[in-house]
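Everything below concerns the one structure shown next.
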Amino acid sequence: MTFHDAPLSRHDFTAQQSDVRASWPTGADVDFAESIRFHQGRDASLNMASVLRQADARGAVLIQPRAGVALLSEHIRLLTFLQDHCDLLPTTIDAYTRQNRYEEAQKGVERSREAGHSLLNGFPAVNHGVAGCREVVESLSKPVQVRHGTPDARLLAEITLAAGFSSYEGGGVSYNIPYTKDVPLERSLRNWQYVDRLVGMYEDEGVRINREPFGPLSGTLVPPCISHTVGLIEGLLALQQGVRSITLGYGQAGSYVQDIAALQSLRDLGHEFFTNAGHTDYELTTVFHQWMGGFPESEARAFGVIAWGATAAALARATKVIVKTPHEAMGIPTMEANRQGLEATRQVINMLSDQPPLDTPEIQAEADRIKSEVRAIMTRVAELGSGSLVDGTVRAFEAGVIDVPFAPSKHNRGKLLPVRDLDGAVRIFEPGNVPFPAEVMEFHRARVADRARHENRPPCFQMVIDDIYAVSKGNLVGRPR
Amino acid sequence: MEAHTIVLGVIGSDCHAVGNKILEAFFSDRGFRVINLGVMVSQDEFIDAAIETGAAAILVSSLYGHGEIDCAGFRDRCIERGVGDIILYVGGNLVIGKHDPAEVETLYRSMGYDRIFGPDADLDAVADLLACDCAAKAVPTGTSR
Amino acid sequence: MTFHDAPLSRHDFTAQQSDVRASWPTGADVDFAESIRFHQGRDASLNMASVLRQADARGAVLIQPRAGVALLSEHIRLLTFLQDHCDLLPTTIDAYTRQNRYEEAQKGVERSREAGHSLLNGFPAVNHGVAGCREVVESLSKPVQVRHGTPDARLLAEITLAAGFSSYEGGGVSYNIPYTKDVPLERSLRNWQYVDRLVGMYEDEGVRINREPFGPLSGTLVPPCISHTVGLIEGLLALQQGVRSITLGYGQAGSYVQDIAALQSLRDLGHEFFTNAGHTDYELTTVFHQWMGGFPESEARAFGVIAWGATAAALARATKVIVKTPHEAMGIPTMEANRQGLEATRQVINMLSDQPPLDTPEIQAEADRIKSEVRAIMTRVAELGSGSLVDGTVRAFEAGVIDVPFAPSKHNRGKLLPVRDLDGAVRIFEPGNVPFPAEVMEFHRARVADRARHENRPPCFQMVIDDIYAVSKGNLVGRPR
Amino acid sequence: MEAHTIVLGVIGSDCHAVGNKILEAFFSDRGFRVINLGVMVSQDEFIDAAIETGAAAILVSSLYGHGEIDCAGFRDRCIERGVGDIILYVGGNLVIGKHDPAEVETLYRSMGYDRIFGPDADLDAVADLLACDCAAKAVPTGTSR
């Protein structure tokens, strides 16, 4: 299985670049040469790729919050507070910026200034421009990553990377399908090729920027094979454009057997697909997202969910964990709630990181199953693309070969239906057009049938709905009342 | 009795699709005729659909925190567009951060929403209220709401 | 290995009973016949033994807080609040009552009344008498247990069991060695034979009272073999007196391999020793205590510790878990903090109880090691006792054959020193006179040496001190700074 | 310089032994002559030991919550017994429940303790203070503390 998508030519890239930079006034301030000098002058401890590489070598599990507010000074205050409690810093971008609605973001900034508190759900980095973002980066003593959900993230990348951010989350699938309603996949994939090529240009100048496909997708009962496939595709697309530091992500399902197997298989598959595609000179690390579905409202219960996520991450030795907060069900966390999530996570990870990682025959069997599912899907993607990964991906989504449950995008089939089995693992109830190997599908069916028998009801959509609510109501499997 | 038509959607740039899919399934199941506009719906799209389908109510969701901005002026816009007396419900994580539900309710009431729900809304209770509100609206009275 | 300690004769029992009941005015109100009728009239859902038996059959993990305040009405309010958040209720007794200092307890009650809040660290059940305790029991809809730390708990048992409590924690070793300074072991063992005989008399009348040896002892780096040995001794002594429902306890060490192995081996050893001693008609369940050592002051970190305890308990399928609170490091928890500990615990246990219990070859190896240690110690106890378990136990403590680390009692040798190994398991640094099998001791030494090498310091007392502080400082193993 | 003698113990019916064992090891290591009475020590036992050994200071621990009752009147008792100017430190979980440390400090200061510490006391800092206080006491001055 080889893909021949070419790196964006300098010509294509430059043609796009002037439009991109002209699409909002702050784009004019990007100065690539200056920003290379800036990055090169910084300590390795401020570079995400470098810090991740070292953690990976030590087997350490790092922690990172989500955080972003409308105003520059507030945002700096927030991150300065959080950096004492975490290893890696984020800058979460607001939802207008994610849709390139910079005017609305500007209005949000102004209204936030009037209100005296943030009315935006993130930091509008484009509006704050290179100088504002540079101020953020320079105020901090840990590596900072841009975390968002932007199908066309070219201008955001130009500005934030120029400012000194050293990691950039997202990808043409993972920041489209779960985040938009009607952006054609080919368009977002092309736009992300630009971002990856930009990162590749930094790489060409000796500056390593980390790239992280967004693993959790819709955050809701996503079977590992689906999110792994998307991560591998985005990883391969990034490598094609010259990216060298890739962090593959996965959102906690809640079953420890499945979660540990998922993280193991994600790493294995990454190396398998990347080396098979001829890449050798890359760094691969992993990120585990604490439970991404609906949270319980009770803060105490939320702490339970947070700690269980920390446990799975530590037992699986993820390179880093994205941490939730006790406010998750209710709203953007206060600084203090954010710190609490980090502290609870840190305590568990510290207590566990001296202990052996967990591996059992069940975990191995699960990992093998995930691998065979992913290989089957990727084989179809390759067939559909006849040499082009972009084409293969677009056609795979059209055909429902890749299908993300509960995604809002029209370009996602939405025929696959997941459901939990008796042990709490996410299984396939309705495969849609995803090409599961026959014996694997047999396994899923049998597991779902077991549960249905146990609950005395046929496998049905209500079961899926019950599963969606289950964690927020204090369980993992959504049992009938 | 004829089914009441309701328009459903997630307002603004909000992509949270899961609750929306559940609301569609739930209200259909409870006998409403549901026009679901999905995520990222503008005020005018809501109103267009309501006018087109003669809907009795619009159920607005906002999860992502920009509700305070996106939802403002919705009642005024309904009045401008000639459907000033349509039933307006709103629900979800309606403001940025964790806040006293009573404050949130006051805020949205002042924007002209008839009923305001948090993320913990008991859907059965909502459906009952909605049925009553729709029925009351169907009965022509001299006074407007 | 058989022990021939006889059940207390009716004559001996009655002779003691009049003194016991006369030792404080409220003793006079005990009416055994009435209390039998009361117990018999109650629903099975209010009987601890019955609820534990059913949970065990279902593989459910129940949760129980600690709670007790000075005043009756306050205590009822507290438990009424907590019962919605737990499965089993406690009544934690204050420390004056534990030392039979009822005058001081009385003063505490009065001063608490004046102050408007509790100045006692528990509920002075003897002072409140049968009627007060009956009011407690009748106000509640879950089984209630007496939890204390009383070397001479005869009057407390008479009063609380008569009032309708259906479970009684403690034992002649576990409520002496960690809780007192100079009470001769033989005396507390004899006094607890009285308590067990009293429970046996309830049993004779068809009322099953659950008994629970206190597993955690000093709560501080106690090697599982030590606490298991004490639990088995107290279990056997109870069975000898006619007790039929026994819950063996264990305090979390923090290493999941060791903790799961400890709970498995505790259950196995219980059946092994109880049936070998000729008992067949008994019910055995287990209790797992969330971390019993020093807690972190940060409430968020405390939640991490609490959730990790819940995780280990669920993965090991303990019958019940005793739950800590986010206030643990600071003081007796408020009602609200108590609820938070329960909710966090419940969330984790619920999410895990659908999932398979954890078992690995490492866990089996650890369990086998614990078993061989316990068998070696129990063999010496039997030899020393030549047929009497009471004598064997007294002599074993005199000789340091059983040795509880960090216990305050003069009747404990205090020569055994535990320390963590590299993986966080509690190992033997200095065995004192505890008869560890040679190959097992070899293993401990090797593990400790490994750690010492890794930390570049000899195994030393500072290492032990570092381990004592470790969890409260956010780790498991106390690494040198 | 001669080592200062200090008396150590856990007051009342309190059995918490771990901190006490650590304090003994720590203060010995820091050069004090430590008389450790262990757990469950009465006020008079503390004072007896202090008189017998000519101790400069008594370090009282209370962990279990009854400190407010057990520790009251200690300074008065010292005065009665003729060692009214002995240095009195107290530390641990000094009251029932989680309280503002400042309140706890005021409460114990009113009982006549010179220095009051929570369970998070930094022992190195304590030892430094104690050495100073003992040295100051050793220098005879006209004024009493």
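Letters A, B, C and D mark the chains in the order given here, with residues in each chain numbered from 1 onward.
Basically, contacts are C-beta pairs under 8 Å (C-beta built on N, C-alpha and C of every residue); 3 or more make two chains touch, one makes a residue touch a chain.
Fair warning: this is a prediction, and the values are worked out from it, not measured in the lab.
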Tell me, which chains sit next to both chain A and chain B? none
How big is the gap, in whole Å, between where the Cα atoms of chain A centre and where those of chain C centre? 45
Between chain C and chain B, distance of the C-alpha-averaged centres to the nearest whole Å: 55
Chain centres from averaged Cα atoms put chain C and chain D apart, in whole Å, by 31
Between chain B and chain D, what distance separates the C-alpha centroids? Give it in angstrom. 66
Where chain A touches two or more other chains simultaneously, the residues are none
Overlap residues in chain B, where contacts from two or more other chains coincide: none
So how do the chains connect up here, line, ring, star, complete, or something else (other)? line
Chain pairs in touch? A-B, A-C, C-D
In the complex, chain A residues that touch chain B: 94-96, 98-99, 101, 104, 107-108, 111, 117-121, 149, 178-181, 218, 220, 293-294, 297, 327, 329-334, 337, 406-408, 461, 465, 468
Per the contact definition, I'd like the list of chain B residues that touch chain A in the complex. 12-18, 20-22, 25, 38-40, 64-66, 68-69, 93, 95-99, 119-120
Can you list the chain A residues touching chain C in their complex? 254-257, 296, 298-301, 303-308, 310-311, 339-348, 350-352, 354-356, 358-360, 362, 422-424, 471, 474-477
